[in-house]
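The letters A, B, C, D, E and F name the chains in turn, as written, and every chain counts its residues from 1.
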């Protein structure tokens, strides 16, 4: 049997992993590699700061080293892409970060991209990373819902806040594709898309889809110059 | 049975269509929509100039209008993305241009992107389009093989020229992912990848893979503001 | 007698051609080549979408090929510059697109450029094109009046809407030069300029003026790499 | 009789003024305002440094103040555009700098712009100014001939050096329009254009042509916010 | 005794010089070169326009030439950096402009930079200069208080206007470091910082601090290519 | 006695710390806070990859938390700026990264910045970070010496390799200020500067100088939005 796409949730919150796992069901097929989601026991419970992301990066590096022989491709399921660079140094199998892949997927759809962030302080990190990726000119706005990752679990009230941000992205900033700026927002995709009538991208779904395509088409991982 | 992904070869060269079609075999699956490739009888025989691309755009627009009810998603298989904007006005089904999608796919793989062009005069159009897409900062070089589309059929001699360009992209410009800047280059992907040991992206494969993912994940097409 | 500057109105609306023609009177002189305006019978009636622009591009290409021997220079009088690239492949005589030339003229005047668009959906195409031209950083805003080309004929009500957009460009976005983003807006230039007290550029006038200068100074057309 | 276009040569070298004056003959017409060239007695003999340009700027400011009532429009004939901002504060008549206008004219012609500079140290100032203008992305290279303004008078040897730079701009950097980066290079335009077979823009000619067009079309000068 | 850091106030307003001088007290030390502030008698009384800045540039050039032997490093204390380029041609001792250094200091502090300008018309010059410096992407907003340099002397009412602008920079534009866009604003730094609770940079202080560091670390001035 | 500037060497190589410490002597003064350098026992021995940098970031975060009460300001002495974002979340005291500060210092000196990197693979990380900082347009080239951090200890042969890179930065890329892209290169600064005759910036020196200035001028650390 073929090796799975390994989806690493870099935080230690099993509920988030379970919700990610459910959201990936549409991508499962008898005719494709399996998809396996894991929680990093040593990761921070939520990734709400640069420091959390730094800790997560190290945990991801360790997990990739440990698990890479049992995976055909790897997805890092946190919108800060922690450990992405390290993972690509460790293995030449394809590794996908959900921020990088989510934004690229939105661009493929022709979009003026709007991003939904959890916290105001995430917004700065997002812009800095988008500049590093050279993709910032395609993002029309990045707006926070101002919820902690914990609060995201309270679906009823969260949904209306996210819809509100989605409407502002669409109507005030002319976004025509929305990227959810957190792996924990997966469960809200369907609702938002139904209400807003524009594509809403769960970046974990996008990255797993990209990983499955990469396996079919036998893309290599990025070639990191090594030795020198 | 589900509607196919429709791949439109905007030129009237059936051989190119056949070669595109063969290259898509790895993406075919019992568990996915079929992939159907068509040639545009009225399209130019090859698309080597802006004028060719303009003519192709109109043919693509007409073909999309005529065929859209029989397709679940559409891929425009010419690296100028002719008719992409028009197609997105005609339908809200997802439409992919191979240049836009090929570049975004290379970005997903973390790449410093090198592009192989057919002709020197294609290079300017490519840069202008990459600027329009806001993706130019990720492209490290775009180098021509200086062959006409017709010459591309002569595999033996073409392969060595393409490898030569590929090596310059990798070694002189530090590219770590290569995008083939023409749908007619599909047959050279495997050979180049084996020799260069970096990912070589056939943008038609990339766009069809993206279309299949979009269908699984039920992305909408870009929402073009209409009426006003 | 010297060959004329040929102004091609790519739509099939003779009234628009007539209004363009009148607006060019200040540029007519016994000491300069004549200015001749033509309507493209096969063009779309108005150019309000990318698809319209694609069709217009092909019509312009055909017209340029047919008429180029009877013209000293060519102006394409539609703010999408349809067929501009093709025209420059067909002839080495100077060819001007009104968007490219209108923006460059505004820059010459030292301006923070504001653009008046017809429709909201034109705005996206404008920004994409301005990025392709590398001129987007000089444009402070591009705002739509949200009128169809047809409605533009109703002068009384249109004028007040255009003035309103002009005031917002000047006062809210600090524009000090305005470019009319449609050849059909020529008749409103004078009124806007009188009210707003800043330069308002009718891009067709600007392009014809540039063509006359190019002929006096014997500029060549852009040298499109040919053969390869 | 109508007021002239006043061309200010900001250096005190009468021979340069005379050569500029001759180069403007093709723009003279009975049907257009006269063109009058003046030398600034107090200006530096040549403008080869930022300090020279600073001194020139003050001289230009004084000259504009003194002469503006006798001019319909003003052209500042030095590729550093000294005093351009000040002139636009002094008068609302149109004022053109030859660098700003030369680059914008090259852009109108669709060009990938190459610039010929006098000295290596001019190159930095040019790039800095092009960034300030937001036009740097259209300039493919700026190469020096490394001659002092004085040496420019020795036509025989200068011509071959300039042609050499022109060929490198065209062949190595793919420029298809060349802008002469000094008002004193006017006399070489014809020769270069004949040899290189691409447009070579003398920016003083371009700016005077723009001034004549601006007068015909009654453009205002840039509206500098005043009072506050 | 060691040569001083020479701070040139390019305007002729002795009160401004005195206020600059006082603000530099925290940088004075027995263990560092002295700091000496001078007023340019021939400079404009205030620098409120490009023309003022042009005149100031020439005065600064002359002062640098005259004084450079008596200085270890030079600071030009006007936010237009008049004469900065010329000064670096005259001497290879380090020369600092307060705009360039103020912005770079804000960047060192990790900031999203907000700039307080005196007048609305200063804002355009600031953006143009920031583009020339290649630093514009770090500036989130540049807002004017709309006071003349003279009015800046009336502390009571000025302070509240500056605080108001500071609050808008911090709250509406998310600035986390503020740069005072005029040497004459030095006296308001402390008050603003206390109220706003974010760093407020007096660029003259920043530039003198940079000059003192440059002397300790024996940095050279920028090497301006000379001769050619 | 006043709290020191704490310089954190994020690797565990005491010799590098000792060499950093020596290079800071010119900044020590009776009239300024002391400078204290520490080695991170748990850090990687050298920081040659993204993974090393990730590990270092976590170690720096922990060290800052532990030591911040005993420091007035903090400098992170590794050219990847590991842990910089986290440190600014932990404390509102000023924290400086040597890459960010080294580049900003070079910009203050008016420079076209050249960077000397240790390894080819460092170059990509540097460019990505420079884009994130919005400072990439000021960097003219980033060239590797291709030495491991260990090899850097062998002074005799290293010096000639670094000089070679320095000459290429200055002569081929027109750099006029060089930034040493590694804290371990400090000992080569003097030699390079003497040979190249342009400023060579040891970014650790630059960052400590900036920290001392920040303390004198009482700058706050960046205000990281907290809570939300």
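The rule is short, and it goes like this: a contact is a pair of C-beta atoms (placed from the backbone, for glycine too) under 8 Å apart; a residue touches a chain by one contact, two chains touch by 3 or more.
This one's a predicted model, so the numbers in the text were calculated from it and none came from an experiment.
Trainee: With one step meaning two chains touch, work out the least steps from chain C to chain D.
Mentor: Counted as steps through touching chains, the separation is 1.
Trainee: Please tell me whether the contact surfaces of chain A and chain F are same or different in residue numbering, using the over-half criterion.
Mentor: At the contact between chain A and chain F, which are copies of one sequence, the residues are largely the same (over half shared).
Trainee: Please tell me whether E-F or D-E has the greater number of C-beta pairs in contact.
Mentor: More contacting C-beta pairs are found at E-F.
Trainee: Overlay chain C and chain F by their C-alpha atoms and let me know the rotation angle in degrees, rounded to the nearest 5.
Mentor: Result for this pair is 180 degrees.
Trainee: Roughly how many whole angstrom separate the Cα centroids of chain B and chain F?
Mentor: About 44 Å, centre to centre.
Trainee: How far is the middle of chain D from the middle of chain E, if each middle is the mean of its Cα atoms, in Å?
Mentor: A distance of 32 Å separates the two centres.
Trainee: Please tell me the distance, in whole Å, between the geometric centres of chain A and chain D computed from their C-alpha atoms.
Mentor: Each chain's C-alpha centroid was found; their separation is 52 Å.
Trainee: Two or more other chains in contact with one residue: find those residues in chain E.
Mentor: Residue numbers touching two or more other chains: 88, 124, 131, 133-134, 137, 224.
Trainee: Which chain B residues qualify as touching chain A in the complex?
Mentor: For this pair, the touching residues of chain B are 26-27, 29-32, 84, 88, 94-96, 100-101, 104-105, 107-111, 133-135, 137-138, 176-177, 193, 197-199, 201-202, 205-206, 209-210, 212-214, 216-224.
Trainee: So in the complex, the part of chain A that touches chain F is made up of which residues?
Mentor: Where chain A meets chain F, its residues are 49-51, 54-55, 57-58, 61, 82-83, 85-86, 88-90, 119-121, 124-125, 128-129, 131-134, 144, 146, 224-226, 228.
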